[in-house]
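Notes to accompany the following structure.
As written, the chains take the letters A, B and C, and residue 1 is the first residue of each chain.
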Amino acid sequence: MDRSSAPGGPLLVNSTNTAQPEGPSPHPKAATLELRHVSKRYPGTDRPAITDLSLEVPAGDICVLVGPSGCGKTTAMRLVNRMIELSGGDILLDGSSIRERRPAELRRHIGYAIQQIGLFPHQTVADNIATVPRLLGWDKDRIRARVDELIALIGLDPELVRRRYPGQLSGGQAQRVGVARALAADPPLLLMDEPFGAIDPINRMNLQNEFLRLQNELRKTVVFVTHDIDEAIKMGDRIAVLKEGGVLAQYAPPAELLMRPADEFVAGFVGADAALKRLALGRVSEVKLRPAPEIRDGEPPAAARERARDAGLPYPLLVDEAGRPSAWLRDGGEQAPVLHLAPDEVLRNALDGLLRSEVQYAAVLNGDGRARGVLSVGAIHDFLASEEQG
Amino acid sequence: MTPVASVGGQFHAALDFIFHERTGPGGAQVGGSQLWSLIATHLELTFAAVGIAIAVALPLGLWLGHTRRGSFVAVTVANIGRAVPSIGLVFLFFAILGAGFSNITLALVLLAIPPILTNTYTGMREVDREVVDAARGMGMRGTRIISQVELPLALPLIFGGIRISTVNVIATATLGPFGGVVTLGDPIINPSSYGDAGRLGAAIVVAAFAVVAEVALSAVQRAVTPRGLKVGGRNARRQARFIPKRRAQPAP
Amino acid sequence: MITILAQAGGSFFRHRSNKPSCVEDNGICPSWAIHHLDRYWPRLWEHVQLVLISTVIGFAIAFALALLAHRRRWLVPPITNVTGILYTIPSVAAFFLLLPITGRGTLTAVIALASYTLLIFFRNIIDGLDGVPAEAVDAGRGMGFTDRQLLWRVELPLAIPTILAGLRIALTTTVGLAALAFFAGAGGLGEALNSQKEFQTNVIVAGGMCVVLAAVLDASVLLGQRLLTPWSKARSPA
C-alpha cells in the first residue's frame, strides 16, 4: 500500500474555484472502503483477472482506478457491490465485510453509475431517480422532495425535467440524471464506471467540473473508474494505477503520481508531459516568489535598479499612486507590459502567460491590487524539482 | 373399454389403416397403398401452388426490397394474408369458379403469396445499407447487386418465407376435396368411404407431412445461411465467456 | 384471370337489383346479405369466443414457459422445438387427432388453437425479454433490484412492444384458423361458410367478417400498446 503524506483535498482545474489546502470533513454518511488481498479468477482462464489487490479509501475521498484496457479496473469496482463475486480476499465497507450482506440489500446502499447510464426507458426521470428510495421504502413525500432536490443539484429544472422520459433527454442530461439516480438514497459510497465516457469532450469537461462541485458539497466516498489518465488526475484525491491482472502499480495522490511515478509502467502511463500535468494541479500561491522591486513615477531609478539586481530581477516594477504595478521599467526609461497573476491562478496557465510575455516575470497581486511578489519561470522549475525529490 | 384403451385402440386402428389396404365402408379399396394416390395429388397441389407463388412473389419481393419501396404494401399484404381464413379462400374459388384442380390451385396460390412476398421483401430490405453502398462503390450495378450481394444475404429469410408458405399450403390442401380435388383431406372431409380409422389415419399422415416439410425446409434454410451470419449478434453476446446468465458484459 | 374477373363483375352488375335471381345465379348480392345478417351473429359470437379463449390460454401457458426459460436459457431450444411441432401440425389434422381424446366440441378446438399460438407467444416473449437494453438490466441489478423485481419492473415492461406484436400475430392467425373449427364441431364462422359453400355472397360475408374481426382485434391491441407504452410516443430529444 503506497500512501502519500501530501495534503489531501481535491484540486480543481477550474481556476474560478478556490482550492482548499485540507479537505473539509467528509459527509457524515461517507463510508470507508478497504480492499484486502482481493482476487478474482474466472474458471477456465489461466491468469486471474485480479491478483491480490489491497487498498484503502478514506471516507470522503475520490479513489480513481485507472489503467489500460483489460487491467481489471472495472472488475475491481464491480467486486465492491458484488456484481461480481470475490474469488479470494475481502472487501470491507465501514469495517464490515460485504460478504455478510445480501447482494441486493448491499447494493441499495451503494450508488452505481455506469458508462452507458442505463436509465430505464419506460420510466420518467422522476421515477428513475426514485428507484432506490422506493426500494428502501421511503414515503412518497420524502421521495418527491428528494427527487426535486437532486434534479436541481445536477443543474436541471425539476419542473421541466421531472416528467420527461430518457428518450427525450440529451446525452449530457441523461448522464446527469444517471448520477442523480446514483445519489438518490444518499449512499455512503458511490461507484462510477466511466460515467462521463459516452459524452463529447466539451460536455465531459462540464460534467466533471459539476461533479467535483457536487463532491465539494457532499463529500461522499467515491470509487471512480476511468481509462483516461487526465480524467484521473483531475478527479482523484487518490489514484490507483492498475496493471494487467489487477496488479496495483501505484496508489497515490495525483501530484505524487506525476512527479514520483513508482516505475516505468506508471511513468509511461502518466505520459511524457507529466510536469505540465503537474502544473495544471498547482497554484501560483504554492511557488516561492521574489520580492518586487517597486518604483514610483518620479523616483530616481538607480536605487530601484539596485534593488532589482539584488532580487535577481532584470528591471524594477513601476507602480501607480495606489501601489499597483503598471509596467516594467527597462533600461533607457522604456516601459514593458507586466503580466498580472492572481495567487490562485493555475500554474500551467501562469507558465503559459510567462512564456508569451515580453518579460518573463509576472507580478503576483494581492486582493488590493498590490504586488505580493514576482513569479519567475525558474521558480516554477524549482517548485517541480522539489516535488520530484519528495 | 377404459378411455385410455379406447384412445389407444383408435390410434392403433388408424395406423393400421395407413399401412394396410382394406375395403372401406363405402365398398371401395382404401388405405395402405391406396393412400399413395391421395398423397400424390396432395403433393401435386402443393408443388403447383408454391411454385406459382414463388414465381409471382419472389421477383416482386426482390424488386420492392431492392428499391426499398412499398413497405406499406408488404405489411398490408402480410396482415390481410394472415386474417383471411384459408377455408374461405377455397370456398370462394369453388363458389366462383367451381371445382377443379386449377381452380383450387389458384386459391392456394393466393394463400402462399403473402409469406413469400413479405419475407423476400424484408430479407432484401434488411441487408445492411452499407454493404450495398460498398458494392455500388465498387462498380456493381442493379441486377448484379441483387444477385451477388443482396440475394445471398436475404436467402435465409426468403427460404423462411417459402418454408412457411409450403407448410400452410400442405395444411390447406387438406381442404382440396371441397373443390373436388381428392387429396389427403378426403378421408377427413368424406369419412363415409374411409371410416373413422381412415379419418384419424389421414390426419396423422397430414400432420407428419407438415412436420417433415418443416424440418426439411428448416435444414435447407440453415444450409443457405451464409456462415458469417450464423456467428455473432445476440447469441455471441450471450455466449461470450464470462457470462453465466444474461448480464451486461463486464468490461475489464 | 380475366374471365374470372369478367364473370364476377358481370354477376355483380347484372343481378344487383334483382334479389331472387341474384341468389339463384350465385352472384354477389348485398341486399341478401343485409337481410340475412342475423344468421351470422351467433356464428360470429362463437368465433370470437373461440379466438379469445384459445389466445388467452395459449398466452398464459407460453408466458409461464417463458418465465421459466428466461433464467435457464438451456430450456429455450427444447421448448421451441415442442411448441414448433404443435405449430406445424395443421389445425384440421389436429382437430381429428384430438377427436379420440377429447371428442367433438369447443374443447377440442380450443386445445388445438391454443397449441398453435404457443410458439408465437413463447418466441416473442423471449425475444422481447432479450431485447431489453443490457445496460438497463445492469443498472437495475446494481442498484439493488432482486431478480424478480428486475423482471416485473424493468424487463417485462420494456418487452411489452415485442410481446404485443406477437399477440397481434397470434390473434389474426387464430381468427383465420378458427374458421376451421367447425370440423371439430365447435361452430364459428366456418360453420356459416360451410353451410352454403357454393354461394358466393355467403362466402364473402362470412370470410369478410373474419377479416374484419381480425382487423378489429389487431387495432385493439395496437391501441392497448399505445396506452401501455407512453414512453415510446415521447421521442423528441430536448
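The working rule: contacts are C-beta pairs under 8 Å (C-beta built on N, C-alpha and C of every residue); 3 or more make two chains touch, one makes a residue touch a chain.
Predicted model only: the values in this text are computed from it and were never measured.
Chain nearest the geometric middle of the protein is C, using mean C-alpha positions. Put simply, the chain farthest from subunit C by mean CA position is A. Rounded to whole angstrom units, the spacing between the C-alpha centres of subunit A and subunit C is 60.
Centre-to-centre spacing of subunit B and subunit C amounts to 18 Å, using the average Cα coordinate of each chain.
The geometric centre of subunit A is 64 Å away from that of subunit B, both derived from CA atoms. Multi-chain contact residues of subunit C (touching two or more other chains): 135, 137-138, 141. Of all residues in subunit A, those touching 2 or more other chains are 83, listed in ascending order.
The touching residues of subunit C, when paired with subunit A in their complex, are 133, 135-146, 149, 154, 157-158, 229-232, 234-238.
Contact residues of subunit A toward subunit C in the complex are 81, 83, 104-109, 112, 114, 116-123, 131-132, 135, 164-170, 173, 178, 181-182, 191. Subunit B makes touch with subunit C in their complex at residues 6-7, 10-11, 79-80, 82-89, 91-92, 94-97, 167, 170-172, 174-175, 178, 185, 188, 199-200, 202-204, 206-207, 210-211, 214, 234, 237-238, 245-249.
Partner subunit B is touched in their complex by these residues of subunit C: 4, 7-8, 26, 71, 73, 84-85, 88-97, 99-101, 130, 134-135, 137-138, 141, 169, 172-173, 175-180, 183, 189-190, 193-194, 197-200, 203-204, 206-207, 210-211, 213-215, 218.
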